[in-house]
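Please go over the structures that come below.
Below are two complexes that have chain A in common, paired first with chain B and then with chain C.
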Partner chain A sequence: MPHVMTQPALPVGHYAYDSVDRTFLKQRVAQFKDQVERRLSGALTEEEFKPLRLMNGLYLQLHAYMLRVAIPYGVLDAAQMRTLAHIARTYDRDYGHFTTRQNIQFNWIRLEDTPEILTVLAEADMHAIQTSGNCIRNVTADQFAGAAADEVLDPRVYAEILRQWSTLHPEFTFLPRKFKIAISGSKQDRVAARFHDIGLIAREGENGRPVFEVFVGGGLGRTPAIGTRLRDDLPEEDLIAYLEAILRVYNAHGRRDNIYKARIKILVQALGAEEFFNQVNAEFSAMDRARYRLPEATVEAIRARFGTPDFAPAGDAAEKLNAQRKADQVFDAWVATNTHAHKQPGYCSVTVSCKPTGGIPGDVTSAQMDLLADLAERYSFGELRITHLQNVVLGHVRQDALYEVWQALAQNGLGTANIGFMTDIIACPGLDYCALANARSIPIAQKLSARFGSADLQRKIGPLRLNISGCINACGHHHAGHIGILGVDKRGEEAFQITLGGSSGGEDASIGQILGSAMSEDETVDAIARIIDTYLSRRTAGERFIETCRRLGTAPFKDAAYAPA
Partner chain B sequence: MDRRNNRRDAEGISVVTANRLLDGRIVWLGADGQWKTVIQDAEPYANSAIEDVLQRCNARAQQEALVGIYGVQVTRTVSGLQPVTSRERIRAAGPSVHPDFTPDWPTHQPALHA
Partner chain C sequence: MPLLENGQIIQDTWQIAVEDTPLPAGDVLVPLARLSEGLGRNEEARLGVVLNSADEIEALREALPRLDLVVLSFPVFRDGRPFTQARALREHLHFKGEIRAGGHILPDQYEFLLRCGVTTVSLPEGVDLSVWQHAHEAFTVAYQPSILNEQPEGFAFRRRLA
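So, the complex of A and B:
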């Protein structure tokens, strides 16, 4: 009987590597191994080696080396998640930290282990490329891509195209500064598109092919800015050419003399949006458009490398779920907050909270990673997503499986029903780990999480985004929080400023306003409690926190925050 | 080098710190010239002398497999040497959110995360 080769199924949710991708990764690991050996021998100085290790995601942080592993557009499969668990167990201290760029960081890595770790990652089709340095960083995407009921277009194919275009792009490997792109295919902006160097919102065009809304010059950090809309209807075939034109203008004119003025947002502000637009158009018009054209056939060839879920008829899944919700109030509350409507009847997406009450936002243990991989395999076609809000999504779960999924999560510290609520906190690693930080983000997040952890209280408060950054670099997106906390250094001691009224989403994107002078950690926690009390006492029926802030302005909240104890 | 790391009063005392090249772990220069993993084993120097010490340490950095050498101002307290800034206190003690991750945590001990 002849041996029959069966084609392995494509991974659901992410691009399937081929031999070219794998060869490239092997060569890259070998290159870095050689660089490490030369550093250890003294052939390379630290000054020479630093940019090389950063190109492979390896930072030297406050206590040790930190390795940031890329999770392109936040999607990975169960085997890849198990690889991350293995790295956490074997080379780190048994945990990892999901980041606001949908990546994962390991905080206790040894330089001498790093080539081996990169080999382990490469064997799982993973790497740490584009997680650091002045290059185009990991492209982020909607965590419900390919699943959301409100989605117009799946952005992951375009995120992958952008990844392939930008990886080792010779013109854009040494940009004036790092460059961040986000892409969404839904009217509901879940990627903070207007706070990126380039934000893309995809929708279907008149000819049935996608068109893109293009925002440029958004960002957080020292100079927060909302992106300027450059194009409303960029055709799919011009996507690469137009982005190339934007990057060329930035590369040519972005400031390299001052790190604080090097991001594209500063260039857009300096030139003015109209002049920047004109310069991009001039570059775009002068380009060899045929060379940079993105043909439909290429898009479809990339799309064909993505596995798609083979949904079984859901039968009476919705009815079973309804009955289970009625029978268990705690489960019902979790379903209400932690699930998202799916385009496939009888299915939903589950957001697994990595923010247990009083816990460290975004940290997961290796055992939890293994559990998530198991659940993905069993209930979600082997696919997982990391969100820029530092949670994990199981994209395609049958509604009648939700109860089992929730029970397994709850038994392992992952069942908190707080998505979108006040304790669903974004927090950067802060001064507990980060060499750049001025103050610790995690302890104040833990205190606030514990103080507002009551399920009833959170439901009463309703949707509220609380973001915490340990320094002005704003990795914790504090400017975009309804309530933001910024850690500052006051003569060598930690202190915290409160911002109010920020929002990352869509047309109402806004930058939070600083309420006043910085306070100690405990004073800040108390001040936020008084801000919440003010909201609860002054809101109108059905009014969300951010809406009350906008209606009343900051004055009453400032009065409350700085009220004498 | 972050300028914050080199803020020193003229009259104070400082210890010398670095990261080990191989594993990134923090070390402190002891009185015997060896690099220690806990700050209490560090030798304090008058701030007036620290730049000379740093210069000598930097000259040996590659040979001793060290990176990021700088001086940390400290005070003497009943519990020993204490950095004057919160940043350096955290750096010396380990992350405050993991009290078990003390500076003498064994390098290759598999951790049990709480």
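So, the complex of A and C:
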């Protein structure tokens, strides 16, 4: 192998723990063991235990406990991926499920194994802290952070600062409802910043330090909303203070009488954006700013705990890749869809599709996890990223190594060339696992994936985001899909509503519109096929699906969807 | 009710105002609605106020120099508003007196309360004090500044807990 890399002292792409951080994790595991014992002894009621276990990532689903493990800003190293593979093999049914918050879920966990699993995770500097509960959740970031050619600055240092700041925050651990933060450092919003409780977009400020655009009150769920821009140029040193101010207003005034109206978006809507902004500013002006200031030295101290890739000269990598693409059409198609431009000449980022044709979106076996760890070590400085679209990224692969990477992936069911295409489906676990769901998300995702699985057909259709949620809580982000599917309960039967025209990205973020009444699973698959046919016959040259939707409106698609068979 | 302060059980000497009854002599706790009545008392005894989690801290701004105790009540442990109330009392209104947490509180929340500025906790009769002590000692590090101004632990916002 020509590209074996020596591992640097610090992990590339994520913060390196020190002894203090490791002590903290051990104490957290001990605390959870104690909580489990107090529950078993009856000292804690189930009502009291529930939020405590949720804040350690432990849900009770339909058939078993589910453990959601945190992958901060979606980045992990090869050793950590092998730990996840070990957990899947030892404590679950040999697979895990990557989530839209860049985490991983294990669906078949026994409560009594949980303290041991948390111990195993802690040994790999991992945890499940605040992956659930009414607290600040895993901070998500651009999956191409530190790599993308279009990046202005690397958001992961700030995501780590926010992770640490929000960990067991004394004031914000019993919020009205969950709280999600995303951060991007690129003009291309790949984090859906406007669909988060707080979305941050970083850019260079005039003094050479970053400034942040701050969006608040976006979200999906029952009441989809696009975030309001509160600040255009928040200075780096005020980042923590300003977020404290937003959280304080929310903690004090967010609704607690109805969980469906408890997210910050409802407070922003109730007060109006201007009044909410005024209240945040009043808090921000009154607070002890020196205490909450984020000094440059602190940012740099955190940055110094991140390893950086030691890139090799580009050489003739691009020429080699071009020759290989010319020689192999299938490889060429995969490179076209599954790679992303890198800032370093001779490199690119690879998105590994976890959406094989007819497969379950985001599910990966322990053997596949081990393979991904091996590939990361050999070709990408030991670093892996989970994307909010439920795929895996190898961030820094030399262009002349792509062919080997692709062959290894393809031999193990991970070589599907569909990133950004119709079968790159987001789907929640649905009624197969989840106690909240009205319908199963997985079987309809599999049927659609099989129906549109042809490489030629997908390429012909072009970029299309298809998102599926099994209930109105919208974990599958159906509102933000170009085509969204929402599972509902129709007189005791599983049924599906179609939405059209949603988009998660940047300035043109939009919420999909419901086409009409719900249909059965098979009717829905057929209706979507007719929607696609309508698009193909009505589009202008080079027009993407979402653009045709916006130009024509929903009417022709509705007619097609509900046309008699 | 026993009171927990600095890991010790102490005697609660305060009386709670009884509805529709004149305020008693001595140290007394009044609800926000009877604050002016309490302030109008013509005696040396101390005055405290009991807040609900929905009450605005700002309502105490003028009276605060004459108050010795503010009680923050948790209707249920999941209602996190008293954490913000305590922190606002210390940080915005610079209250130096006792802040007491009462109502439905878990030992697992004790350290959060202290770091937001609470000094005493009302506990149910017969409580196992060791669980609270244990909760206080569970962590030796925190990841953000607090009103207690703990010593930095290494770098960033990490703080060393006693």
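By definition in this document, the second predicted complex is superposed on the first by the 554 of 565 C-alpha atoms of A that agree within 3 Å, B and C clash if a C-alpha of one lies under 4 Å from a C-alpha of the other, contacts with A are read in each partner's own complex, and residues count from 1 in each chain.
The criterion applied here is as follows: a contact is a pair of C-beta atoms (placed from the backbone, for glycine too) under 8 Å apart; a residue touches a chain by one contact, two chains touch by 3 or more.
Given the structure is predicted, the values throughout are model-derived calculations rather than measurements.
Once chain A of one complex is fitted onto chain A of the other, the partner contacts of A:435 are limited to chain B, with no touch recorded for chain C. Once chain A of one complex is fitted onto chain A of the other, the partner contacts of A:40 are limited to chain B, with no touch recorded for chain C. Judged by the touch definition given at the top, the superposed model places A:64 against chain B, while chain C stays out of reach. Shared-chain residue A:109: touches chain B; no touch with chain C. By the touch criterion defined above, A:443 reaches chain B but does not reach chain C.
Touch criterion met: A:94 reaches chain B, while chain C stays clear of it.
Note for the complex: chain B touches chain A at residues 2, 4, 7, 19, 21-26, 61-62, 65, 67-68, 84-87, 90-91, 94-98, 101, 105, 107, 110-113.
By the touch rule above, chain A contacts chain B in their complex via residues 39-40, 42, 45-46, 60-65, 89-90, 92-95, 108-112, 360, 365-366, 431-433, 435-440, 442-443, 446, 489, 492-494. Of all residues in chain C, those touching chain A in their complex are 77-81, 83-85, 87-88, 91-92, 106, 108-109, 111-113, 115-116, 128, 131, 134, 138-146, 149, 153-158. Contact residues of chain A toward chain C in the complex are 18, 20, 23-24, 27-28, 30-31, 34-35, 38, 43-44, 48, 51-52, 134, 161, 164-176, 240, 248, 251-252, 256, 286-288, 291-292, 298, 301-302.
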